[in-house]
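Heads up, the next two complexes both have chain A, just with different partners, chain B and then chain C.
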Partner chain A sequence: MTMQTTYPLFTALPLAAAFFNLLVTKINKKAADYIAFLAAGTLAVLAVLTVFEQPFAYRVGGFPAPWGILLVSDGLSSLMLVIVNVIAFLSIIYSIKYMTTYTAKPKYYSLFLLMLTGMNGVVITGDLFNIYVFLEIASIASYALVGFGCEHEELEASFKYLILGSVASTVILFGIAFLYSMTGTLNMPDLARQIEILGINKAVAFVIAMFIMGFGLKASTVPFHAWLPDAHPSAPAPISAMLSGVLIKAIGVYAIARIMFNVIGPNEAVSSILMFLGALSMVVGVFLAVGQSDFKRMLAYHSISQMGYVTLGLGLGLNPNVPPAIAAMGLFGGIYHMVNHAVFKSLLFLCSGSFEYRTGTRNRYEMGGLIRKMPVTSVTCSIASLSISGVPPFNGFWSKLIIIVALIQASYYVYGAIAVLVAFMTLLSFIKLQRFVLFGQLPARFANIKEAPFGMTFPLVVLAVLCIGLGLAYPFIDQSVLQAARDALLDKLSYMGYILGG
Partner chain B sequence: MILYFLTLVLFVMGVYCLIAKKNIIKKIIGLTITDYAINLFIIIIGYRAKGIAPIMFKNMTIQELAEYGVDPLPQALVLTSIVIGLGVLSLMTSICLRLYEKYKTFDMSEINRLKG
Partner chain C sequence: MATKPELISSENPKGMTPVVKTVVRFAMGIVFMFGWYIIIYGHLTPGGGFAGGTILACGYVLLTLAFGKEVALAKMSDRAASIIDNSCAFLFVAVPLVGMAFGYFFLNFPPHGKPFDLVSAGVIPLYNILIGLKVTSSLFAIFLALSIFGRFVSKLVEEAEEEE
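Up next is the complex of A and B:
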């Protein structure tokens, strides 16, 4: 009951913290760390508490549903809130030490909290235009954060990201306007009902194409991926972790999933498009990743490839011709992989930040033998590498296995084979990474480096424990919050019911 | 109908400017034009010939209001969208200035350190 009244805090709290952060630091420079830490910590606790709530809809300002703005809490949004806020909290802890190498730390925290506001907003809202607004808040903050270092490459990456991201936002707005002109409503449960009546006519198909392009660009599926390998490595490490670990999921994949499943409903054409894009992302991402020498750039390409698995799983779940049990299994695999990817990819980016912090380079061929000098960072980095490459019993293995088994059972043999091949290529690429960074000869100039400070290793250890925990807990995961998230997506009827509020 | 077509023309012009021009200032202008094309589109959705403000006065019947009152929502949406567009535009121009400081050029084909 208490959660229902505090639900808007997920956007209000970081927004207020971002604002007061800048004011308070005029008086006291140190306060920024504490404000950001407290705000993100509170949000993480609140997010974990939402998991235990029954689904509910919150009416902003008390207006009845089709007219006012709805905030919806169900299995999927509480799962996303937990991912977003927990990883944001860990990134903030990491930033306290890491960001001392940059200037203007208070501004960094304010932008970070604004990005958090946007992501939380996209996840909790039940109104299509609200999704656009929050998506723009998150995107604008992330454009600025990508260019935060203000060096040549960072500015260039930020500008590219900004142009492509703005085109995507424009296209999304176009889709929303089109949908509004057809149905006269922006409330997503209400839209779901209207589209049920309209059916998938040409106009709705056009809107679907707009959304796949717009949100696909935000999620960096392959034909729209060009900005990601530039933007994600250019940001400071905790921001890379947020962008790759959370942002592309919250404003890309989550938005696609919510709109396609709950508003438009299962549809074969959309399903085959998503599956094709997913498979394409997997292959292109992993092949481009293998040859990269920059540590973070390689991780960014792997993000594209791993998000392909998620899109593939979602696409399979969206297909109405597949038996429901198998479709649900594919969708479950997709959601599970999304959670896992958030954990291990943010861990990898934070590790790369720790290596960069001590060695001053991101070129993996210049590193070597770091396991002797930085044991904690190296061990957590290996755990994450094993997870992402799908070695049992780590978490990545189970989610990939579920997706592949679901694909085979639904007789998508080609996609199944591609998924296996990509898993193998990922393993190859990360073995190469380990060989060059963690093992091998320690260059003489790194003879005196030390382990990263505690504030930076602590989040790494927490995330590594999560990697192992999510893998070992696999037998129990069936009855967990993941199941609730899957059911929330598959149950369009009860989503339409949120229009009644309460 | 012709109005919708004109917004489409505006949109396509903006996209052309964004893709074909190398100067980043022109790219920014192109993006702004696409943005305004969409804003115009939303306004046209809410347009009604002989429309009046959707306020119920004493001497009006509910039928009159339903017949002539315009839909206020698209205008609210456009206001929000214009403000967001302003935010993006100011960020774009400031990044553009910083780029000029670093590279001493506005030509996108010379700003090409990131590859692969």
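Up next is the complex of A and C:
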């Protein structure tokens, strides 16, 4: 079977596995590991295979386009599928060992697979209401996962995330209802055509504001970021890696990019709002991050700051008054940084989980000298720190460089200067991290700790190799997957054409 | 599964007053029949799996309130609720996957029959029944989780008070 006939498996397989898992584990508790491993592994292989497919549209149930649900596969969605499923697979491998410290492991895997269903669904669908449904599946699974430890702080963080997330979902639903009442369609390619006819009137502008607020909260851009620094550190480490590495991209930034570029189309006002929010996130996130003592909380603030770069790049790409080549370059930088951030931030969160697994603390001032006791984890942590701070030749350097060069060429000198400043602040913050965690004096009580088990170091090594590989291979990937993703966003006409396909 | 007659008799001291028990004994069959009617006629009349499932779950909640948890748990235990819940959700994904073998995901592959017949519309009645069972068992399981958890907490409080 080709990819074109098996495309819905990206949502069907994890959904079926989630419930099958709960049935089987009533008989045998050990089976949960294997089911989750097999399901996530199959999805990762399928995701890599979609990259080699030409763009296509899939009609669910065989119904023709504006009436039935379309699933769309193009450059951007296949890139997102690879990020989501590969990192999910590595997190599952990591969980097999790490989650033995928690109870109810089968339920954890089921929630994980449900979250994966939601993210894959948002990425593959071409229907606006479907986006809302899958976004809620992913969000509700993640509310439960954030509170999975059932400790006081975790439940509080989960509750806060639940309330803010529900408000955002409601606002998104209102926006969708507005668009439906104006155009009478929910199919995104069809909606793009209708809005082309309608123009940006006041109602559409209101919908754009609702979407920026709703999806912006899911992507944790700054005025809506309050839940993230509580929620991401409270979750178990593999879930933090999923939330920070993938979830805020799949249901936040991806959804914004898809709707703003392919459905509504380039627009100067939206572009300036996104760029402002991006720059604000970068600055606020990094300044709050420097002073944190909790390892995972610091990483969570850096997620806000790094997602600011992505939003800034997307905003620049959305501006119709900038020369197309420069806009495309900014967008390319944004997408590239999104991929890089997924790799190094999930690596950092998994490293923090390994340190916590052996030392029992998350306070970075209580650690020290761990590079002598846990060499693999420390070296991978160091690689990720250098990547996120933008040290050449690691991957973070190239994407930040492209964004900054594009900003300068488009004469956004202030934003360019802010991007450079934030890169230096990030470097400062991570040098501090390395100084206190990896080097320095080893506290006496950690004299007998060992390296984390193989199941937990293996995903770290894979991600570290990706960090270096994506950086060194930069000259070769210009003509590849990333460019296909960029072109998919810039080409609104061919997105509208999917209504005929399938 | 037949319920033991002494559990639902008005003389049993557990549960509510004999008036409530008598009314519930009469109303019970009607509530369950109405729930199943809404589910099975879901593709022909307003309603469907979710609405009917909610009514069925309310029936179980009514049983628990009127006669105490023993009667409801004898009808559907928490373990049975969980198994029904998961298997229905699994089958709900499995049926569209069978449709995929016929060409498309979610394809309505069986013969559609004559419109307005009870057995018509292909797989849609099947989806309604699966959703109905899932909603019944999940809502009842949520009710059980909340009420059992509440009892557990109050037992802890009692023990703490006794120690004092």
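The criterion applied here is as follows: the second predicted complex is superposed on the first by the 501 of 502 C-alpha atoms of A that agree within 3 Å, B and C clash if a C-alpha of one lies under 4 Å from a C-alpha of the other, contacts with A are read in each partner's own complex, and residues count from 1 in each chain.
As a working rule, a contact is a pair of C-beta atoms (placed from the backbone, for glycine too) under 8 Å apart; a residue touches a chain by one contact, two chains touch by 3 or more.
The structure presented is a predicted model; accordingly, all values stated were derived computationally and were not measured.
**Q** Applying the touch criterion given at the start, work out whether A:Asp33 contacts chain B, chain C, both or neither, answering first, second, both or neither.
**A** Once the two structures are laid over each other on A, A:Asp33 reaches no partner at all.
**Q** Figure out whether A:Leu23 sits in contact with chain B (first) or chain C (second), or with both, or with neither.
**A** second
**Q** I'd like to know which partner A:Asp74 touches here: chain B for first, chain C for second, both or neither.
**A** Neither partner.
**Q** Is A:Asp190 touching the first partner chain B, the second partner chain C, both, or neither of them?
**A** So A:Asp190 meets neither chain B nor chain C here.
**Q** On chain A, which partner touches more residues: chain B or chain C?
**A** For chain A, the partner with the higher number of touched residues is B.
**Q** Could you list, by residue number, the parts of chain A that touch chain B in their complex?
**A** 129, 132-133, 136, 140, 143-144, 147, 150-153, 155-160, 162-163, 166-167, 169-170, 173-174, 177, 180-181, 184, 186, 229-230, 234, 288, 291-292, 297
**Q** Tell me, which parts of chain A touch chain C in their complex?
**A** Spelled out, the residues of chain A in touch with chain C are 5-6, 8, 12, 15-16, 19-20, 22-23, 26, 58-62.
**Q** For chain B, which residues count as touching chain A in their complex?
**A** 11, 15, 18, 24, 27, 31, 34-35, 38, 41-42, 45, 71, 73-74, 77, 80-81, 84, 87-88, 91-92, 95-96, 98-99, 102-103, 111-114, 116
**Q** Could you pull out which chain C residues touch chain A in their complex?
**A** Touching chain A: residues 79, 82-83, 86-87, 89-90, 93-94, 96-97, 99-100, 103-108 of chain C.
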